[in-house]
Every structure is written in C-alpha cells, then in structure tokens.
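Structures follow.
In what comes next, subunit A is part of two complexes: it sits with subunit B in the first one and with subunit C in the second one.
So, the complex of A and B:
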C-alpha cells in the first residue's frame, strides 16, 4: 500500500477466463507463502501470495491445517455428546458454539431454557466477546510492530479468564451452556470480582487508546488502508464489526434479539471509513459496550430460579424430524448453526456458519490484491478471522 | 495526524513504575472451587454401572475389574479407568453418574515421566488429590438421565383391606415409557431395568391398547417431549 503505484503495466494481464496470466519463469513474479507458521498470520492457515516486487498481485487462502471434521463427528454422537465438541470450533470465543448448538437443539426439541439461564448465557457470551476483542487488539497492534499492546491485552484477558474459571470451571473451553440451560449459577462474590476486572479492563483500554489509537505509526499504516467497499457487504456476506465499520449497523443482537438482549440498552457501534483503523476502533468501542452490557446484565439478572429445564434422559434422547437455523452476534459477525434432525438420537446434519469463512476466504482474496507484502498481516488481522471456523 | 499522535505512545513508559502483574508462583496457584480437574471416585459408593463409559464421547473411560471389589448383586465389581490422553474434561461422566460417586477435584497439576501412568482408576490408584474437597460436583438437583421415578398407583388401604384385588395397579403406557426411559442399561438388576426390558421386549400390539393403536407411534420408544413442528423457519433462537 505504501508503495502502491497506479502504473498497472507491471501487473499480469487477465486471460479470457478471468484468471491472471502469471508467468513465473519470467522472473517478474514470485510465489511467497505467508503461513501456516508465521507471526503475521491469524492462526493455522496460510496465504499463497504472488508478488511483483513488493506488491501482491494475487492471493489465495489455504486452510486444512486444523481440519478435525467437527460437523461429521457430530453426526455419530448423541445430542449431549456433541456438546463438548462444539466449543473447539472457535478457541478464543467458544461460547457462541455452545449457545448456538444448544439453541438449535432446544428449538427442534421444543425445550425452553429458563429465564435465569438466558441471563447467564448472555453474560458468558459478552465475557467471551471481551476476551475475543482483547486478543484481536493485541494481534492487530502486533502485526504493525506494537508488541507491548499484546502484553497489556493478554493481562486483561487473563483476568477475564479467572472469572470464567470460577464461573464455569474452565478457562478456555468452558463447556457451560448445556442444551436446556446452563450448568450452574454465579459463585459467591462474583459481582464484586467482576466489577474489579471490568475496571482493570477499562484502565487497560485507556492505555491501549493512548498508545495504539493515538499513534503516528499505527495511523500512518492503517488510516485509508484495507477499505471494504460497502457494496461488497451483501455480495460477500460481510457481517459484524467489518460491516459496522463500513457504516452499516448490522448487529443480530439488535436486528433479531435473542436471549435477553431486548431488555438491555445498547446501540450498535458503527464507523464510516471502513479502513483498518476504523475496524480497530469499532472493536475497541464494542468491547467497552460489552463492559457496559455485563454491568447491565449483573444488575438485572434474577438470582434464583431454575438453571436448566426439565430434560428427558440424555442417553436416549431422540429429537423429532426437523431443521432449524439459529444465529447470534459474535465478535466477528453473525454466528449460525444449521441443524437437521431425522428423529434419531443423532444429528442428521450440522452446519456451522462461522463469519471467518466469508471474511478470510472470498473477501481477503479480493482485498489482498495491490497491497504491499508488509501490510498483508495487518489486513488479514483486521478482518478478525479464526481458522477453525473456516474448516469445521 | 497530530502532535498528540507522536507524543502519546510515550505514555507507555509509565509502566516502568508499576508493579509486575504476573503470578509470583504459578506452579502453586490454586484453581477455582468449581474447577474441572482430575477425577475422584468413591469406590465404595460406585456400583460399576458403566454409564460414565457410555456417555464419554472421547472413549476415555473403560470399566475394569479392581482387586478387592467383588461382583455382587447391584455391583458389577468394575470401576472406571480414565485415560487422560483422551479426556477433554467436559464432566459429562460426573453429570451422568448414577450414584454421584464420580466427581472432579480442582487439581490440575501432576507430573510423571511415564505416560502410561496417566491412565488410571480414580479412587483405586491413590493420587494426591483424592481427598481434595474443592472441584466440580454435579448439583444434586440436576440429572441428565431422566427425572425421578414415576410412582406406581396402589389401591387405597380402605379398599384393599377386605379385598383380593391386585393392590399394585401398574403403569399406564405413558408412565411406562417415562420409567423405561430412565434405564441406563447398566445390566444391574433394578425395578427400572425390569420395566425397560418389558417395554423393549413387547410388541407394538401389546404396547398400546387396540383403541389407541391408530394414534400411537409404532417406532421404538421415544422420550415424552413436547410436540414440535416438522420444519422450522430461520429464527433468532
């Protein structure tokens, strides 16, 4: 980007079928693999770059390094046995998988999770969102050489992992949202410790704001770079902060409220410039909004009542024939589960709609053309993708 | 771009005067009271039903004979051996445990040179966390194996005191389905197992009275769930 030149004479011509005519033997072009083991890549994936000088003329996303076949595994497991698997589809923010799977199963089996469980679910989803954004901010800054931001956000994330640990019994794979409800209520003294954690996160975010967002280097390399054209949003299925940074207020929490979001006061955070800087800033402000949402949830949630609905025996649980699609707004965009049942004790088909699939494949391959090699990492991180979602 | 953008990053230097935030002694950090750590099993309470083995989606649990525990009525004599190379700490085994003998401690650190030692029988192979009080325990009011036993109707004492009519009235079809659904097929004799076996061995003609046969399901037993729509449109969940 910094070396971008409007002189297109160095670029390959297009063939009749639309593909580029790249003659590697000419010595003019070079194949360069970024990933799968590379600090400038988001997780275990890689991008096959064709470069001309410092400029990328073509990029292809390659995945497969993480493929464990979650969707297929679930077809041979009972409905309750799928519950420990789904969280692994997204490591930094696993709770949306647990929620969407549980909601889909409940929808098809006609089970209603208790109100208290819905508040608990909203709480854990917002906690996970903060964790995901903290990890993102560290990665975005690190991709541009600001290593200290990642250390600060990792500290703040660790505090939130402590809250997860005392609430759910695990730090990373919480396995807390069972079909029918949640496993347990809040531990004693949780509110006070959570408030202390939220204050520490707010303090950290103030430092991040001063050092990352008011930073000449960061601005120089992100303002006006990696712009997503608002016209692409529907073409590519762009959702979440990537869409909101382009000025389109897409947010499933507001558009199709689930759980208890009708009872919470919030407005989707939007930006207008749609560049890397704006996307980072939208996520920073969205993180602070989640802090506010957690405070609202803790103030409003009921402290007594059932946490799980009356369930049939999970060992023999058969769900009538049907299909459903449930969705939620995760930190990357719309997360969805399409579940088909055939009346047996196993899911007939599970399809996970992870937002990373559209953002890291089609969108990235389009945006990566014409940018400088050194900006590939920043661009990729700015789309906030998690590879396990791509290859479920 | 402004002067602030040039100067503001230098505020990071203030951290030189802050105390470190790292954990001073990470190896001895106690886990949360609900932490899902290494398993504990009260082998006297355990009946070796094998339900934990059935529900484990990783195949991490095998029921094995244990020296000193004999097979007897109501006890298979087997105890769960857990392979921690496979365990994913989901605690479904704890949730499903019929006698609540299986629990999880909040211990998560254990170092051994021999990988085979990470496959052991909790409660039999002694570990340092065997007496740990904290850790994940399934709440007593939550069961994932069906609700409480359906009560079988009996004649009132006033009626049966001077009569030879059968006192126990038996289950209705719906009650029998619910009761059979509670069976975990452990192979150990109990009242529920008898109901379940009778239900499984029966034919559709005997399961349902002739008058209700037309409307009754002809497939295998199904849990009593609320009616659902055949196909659902996309929803907000």
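So, the complex of A and C:
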C-alpha cells in the first residue's frame, strides 16, 4: 500500500478547489499524452499524464473518440430494431449486450425465454468470456514486452471464433440472443469440435502459464504494482476480476445467479494480493473455469425443445410503462442494462452500465498517481478496460 | 424489499414501492431527502454499491428523473431511488463525497442532459463532446436528424431512395 501513499511534499500543492497547482512553466513538470494512438492504450481513449521526471503526479482519462450515441439511437428504434445494434456497443465481448438487452425487454414485457434458450445463452456468454480473456492476456503481456503471448492467445481465440461462426454465422457480432430466446440450436458435431477447441485452448494456456507467469521480467514489473485497496471496491464501484483479485468474491453468477448458473458447479476465482500479477492470474484461472463451465453446459443442456418464446408482432410490439435493471457477470465485471419504457413501441431510455465506466475513469485516475511512466500501460491493461462501453 | 420499504417510510417521506422483481424495487424520493436516504441505505442497510446513476427525460410531463441504483451484495437486492424535478430547474445535489465514482456519472449527465451538480469535481470539463454548442443531446427535444443535416455534408454522389419505392422498382421493374 506504500505505493499509493507517496510523500506529497515532493509533489505539487493542492489548490483550494482540490486540484493540483501545476506550474508547467517551471520546467519541473511535463504534460505527456498516452493515446489515443499508442500501443500501450486499450482502444480509443487517452490518458493525459502530468509527470515529474519519470513519475506520474496526475492522470486524467479522456474518452470521446468513439462516441456513437447508442443510447440516443435506441430511443428512436422499435424494440426489435435495437437488438442488432446493441452488440456493437462493446466489440471484444458483444454478447453481454445482447443478453442484458434481451433480458431487460423480457422482464418488462413478461416474456419467459425457454429453458433450452437459457442454456444456449449461457454457452455463448462463456465462449465470449474466454475470447475476451484471451485478448486481455495478449494485451497484458504485450504491455510488458512479451509479444509472443499475444500471438498464441490470438491463435486460440481464432479457434473459438470458428466455433462462434458455425454456431451463429458470424465471428465478432453474433446477433444471436434476441428478445424471447436465441436464433438457433447447435449444429451437428458441435460438441466434438468444441471439445477439440477447448483442449487446444488448455494447451495454449499451459504454455502461457509457463512463459508469462513464470517470466522474471513479468513478475518483477507486476508483483506489488498497481494495488487496489479492498476499501476502494464500493467507493469506486469495482467489480469482476479486479474485485476478486482483492480477495472479495464478487461474482454476479454466484451472488445473483441468472440463466442456468444455479445448476452449474463452480466457485468464484479469487486472489489476495490485488496487484497486476494477481489480477492477471485471476483472469487466467477464470478462463480455465469457463472452459470447465462450457463442458458442464454441453453435458447438461437439453437437446430438444423450443428456442424462442411466443412473441408478439415485432412491428406493433408495445411494452407497458415500467423500468428495470438486468445484470450479468462479463469478463470485466458487472455489465448491466437499465431500461425504461413508457407504453410506446420504443424504449424511453436505455442506459448501459459497463464495468469500464468506473474502472477506467475514477479508479484509474486514482491508481495512476506515483507510478513510473513505463508502468502506465501495464496498469491500465490490468484493469481490463474497453473504452466503447464508457462512451456507448 | 417490502420490509425495507416500510422501514424507510418510517424515516423518509417516500413514494410507493414499484416491485419489478423480488430482488429489485424502485421508489420515488423527494429531492431534499435524497442524501439522507442514500446515506441510510449505504451505512445502515448495507446498500454499499452504487451500480449506476442516470437520467430519464419525461418531456411530456416537463420532468427530469434521476435514478440512483444501489445494490446490497449480501442480500442480492437492488433498490432504485427516483428523484424527479422540473426540467427548467435542472440541478441536483452532488453525491461525489459519498461515492467518488459518482463524479464521473455527474459529469456525463451535465454534458448529455444539462443537469447541474454544483460542487462536483471537474464538472465543467468536456467529457465526450468537444465544442458542443447546441442543447444537451440526450434531451428528448434534441433532434438528431436536424442537427446532422445542419452540421454534416452528405458524401458527394450519395443518393437517397425512398425504401418503399426503391424496392417496388427492384422487384417489379415493369410496374406490375
């Protein structure tokens, strides 16, 4: 914790309004922009750093390079027209948008998705989680100079994208979980091909474990670095692996089970040191848990039965006035949709609660103080932030 | 959820509970009682996690609604506090001292809905929009199409078709 209680006498004084009194003309401080085009930045965002020598004294997150106004767009679209656009809110793990939107609409309109559809939804969400973690591991290693890990995990991710393609017809934006159920069942021979993919992913993860987590440089630069104090979890709305690495078993799948998670056997993966290394390790173990969950889902899921509930006419579908919030545990933490309806054929308000919204803004700005410039990328990646879900 | 609502009603003048699910309820709070209600829920009832803070524009009723969604992990319950106030008096007390992360939500709400939170840190810094000179874009009376037509040029050579006429021509070129 010593890392985040620096000797503030070395740093700029605070003004009456709480901001730092930084005199750039003194030559002691320098403004440095990391991003928006920087290999150490995750996606389209930037961090405005004020540095003193090699040390960061202040960091401000800037977003807005990717704002597409989805929440506004959806207010002018019918409920079914919103379905194909929600997945585009978050590129690397789009399925949670589809699930949360569908579940929120179902909750307000009193529709119950069939059991088989729930199993299919859980399957696709776990597949997406593996993809997201694989992308993360490549980025986390890359931020510390281990370029080869990204190549291996991209290979493993590509295999999973093949499974997505044969299941949904698309590799990135699947548009599979629609209000009322899912679009289709599993293709013939899917189980066997999925098992081969899972074995290949396990084999890749063993190599990743050996090369990344036993690497002396990786350990030296991540152990004890970027610590999240457990007391910050509620203050900053920290969820997901960032919270679990701090020893708090926050996992929506366990705390408020949705879909079929009550019928699956698993324990939330936790760590205790709350540093970059622990967060990476929690995600690696969580990925392996998802591999196990997919095996459980394929073994238990019903192979016949309806895939979609009886739905009203999509063209004239109106939902009574109401509001709801639906959440799920995505690879970064709590993902949720707050949906308000007013009795018309369009949503009155949709608010997307992405975990990066809190992690990449207030939390990152607090953690970035007093670290070395060269560690900024590793710290930022370790929070696993996806800018598209900040600005929607 | 009902028991919590009854306990809260003894302390604060709350509206009726809308029980959306057994673990999710929404209740309307007068603006003056928002902070004590939030503090009570956070410190006495275990609702320590601020899930989100967002606004809804009820243009027809001339009201803004702010929704503060709090979660209690030990009971797995969520409660949404609704605060409604006139659109002309769009300001609300800041809660950044209760949850530091609320400052980000408030910054976005000020930019997108024009709701002011006096005292909230960096409130007037641009969050997403740069050099915005129109009414806040997430308000219901902001016309996206009109704004786009006034500010952006069409790509040269672009044609626009009426979908109905276009499909008729494609499918029945002879006009059958």
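The rule we apply is simple: the second predicted complex is superposed on the first by the 382 of 392 C-alpha atoms of A that agree within 3 Å, B and C clash if a C-alpha of one lies under 4 Å from a C-alpha of the other, contacts with A are read in each partner's own complex, and residues count from 1 in each chain.
Convention: a contact is a pair of C-beta atoms (placed from the backbone, for glycine too) under 8 Å apart; a residue touches a chain by one contact, two chains touch by 3 or more.
Because the structure is a prediction, the values reported are computed rather than measured.
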item: Clash-or-fit label for the pair subunit B, subunit C on subunit A; value: clash
item: Superposition-derived comparison: subunit B or subunit C, residues of subunit A touched; value: B
item: Contacts of A:285 with subunit B and subunit C, given as first, second, both or neither; value: neither
item: Partner chain(s) touched by A:256 [first = subunit B, second = subunit C, both, neither]; value: both
item: Touching partner for A:215 - first (subunit B), second (subunit C), both, neither; value: first
item: Partner chain in contact with A:155 - subunit B first, subunit C second, else both or neither; value: first
item: Touched partner set for A:361, first subunit B, second subunit C, both or neither; value: second
item: Which of subunit B and subunit C A:323 touches, first, second, both or neither; value: both
item: Partner chain(s) touched by A:349 [first = subunit B, second = subunit C, both, neither]; value: second
item: First (subunit B), second (subunit C), both or neither touched by A:111; value: first
item: Clash with subunit C (superposed arrangement) - responsible stretch of subunit B out of 4-12, 22-30, 58-66 or 94-102; value: 58-66
item: Shared contact residues on subunit A - subunit B and subunit C; value: 107, 256, 322-325, 327
item: Residue numbers on subunit B that touch subunit A, as the complex places them; value: 1, 4-6, 8-9, 11-12, 21, 31-36, 51, 54-55, 57-58, 88-92, 96, 104, 136, 139, 142, 144-147, 181-182, 184-185, 219, 221-232, 234-237
item: Partner subunit C, residues of subunit A touching it in the complex; value: 18, 63-64, 67, 69, 71-73, 75-76, 107, 234-237, 250, 255-256, 322-325, 327, 334, 336, 338, 340, 348-349, 351, 353, 357-358, 361-363, 366, 391
item: Contacting residues of subunit A [partner subunit B, same complex]; value: 77, 80-85, 99-100, 103-104, 107-111, 148, 155, 162, 165-170, 173, 175, 178, 184, 187, 207, 210-211, 214-217, 219-220, 252, 256-258, 307-308, 310-328, 343
item: List of subunit C residues in touch with subunit A within their complex; value: 18, 20-21, 23-24, 26, 48-52, 54-57, 67, 69, 73, 76, 78, 80, 99-101, 103-104, 121, 126-130, 137-138, 140, 144
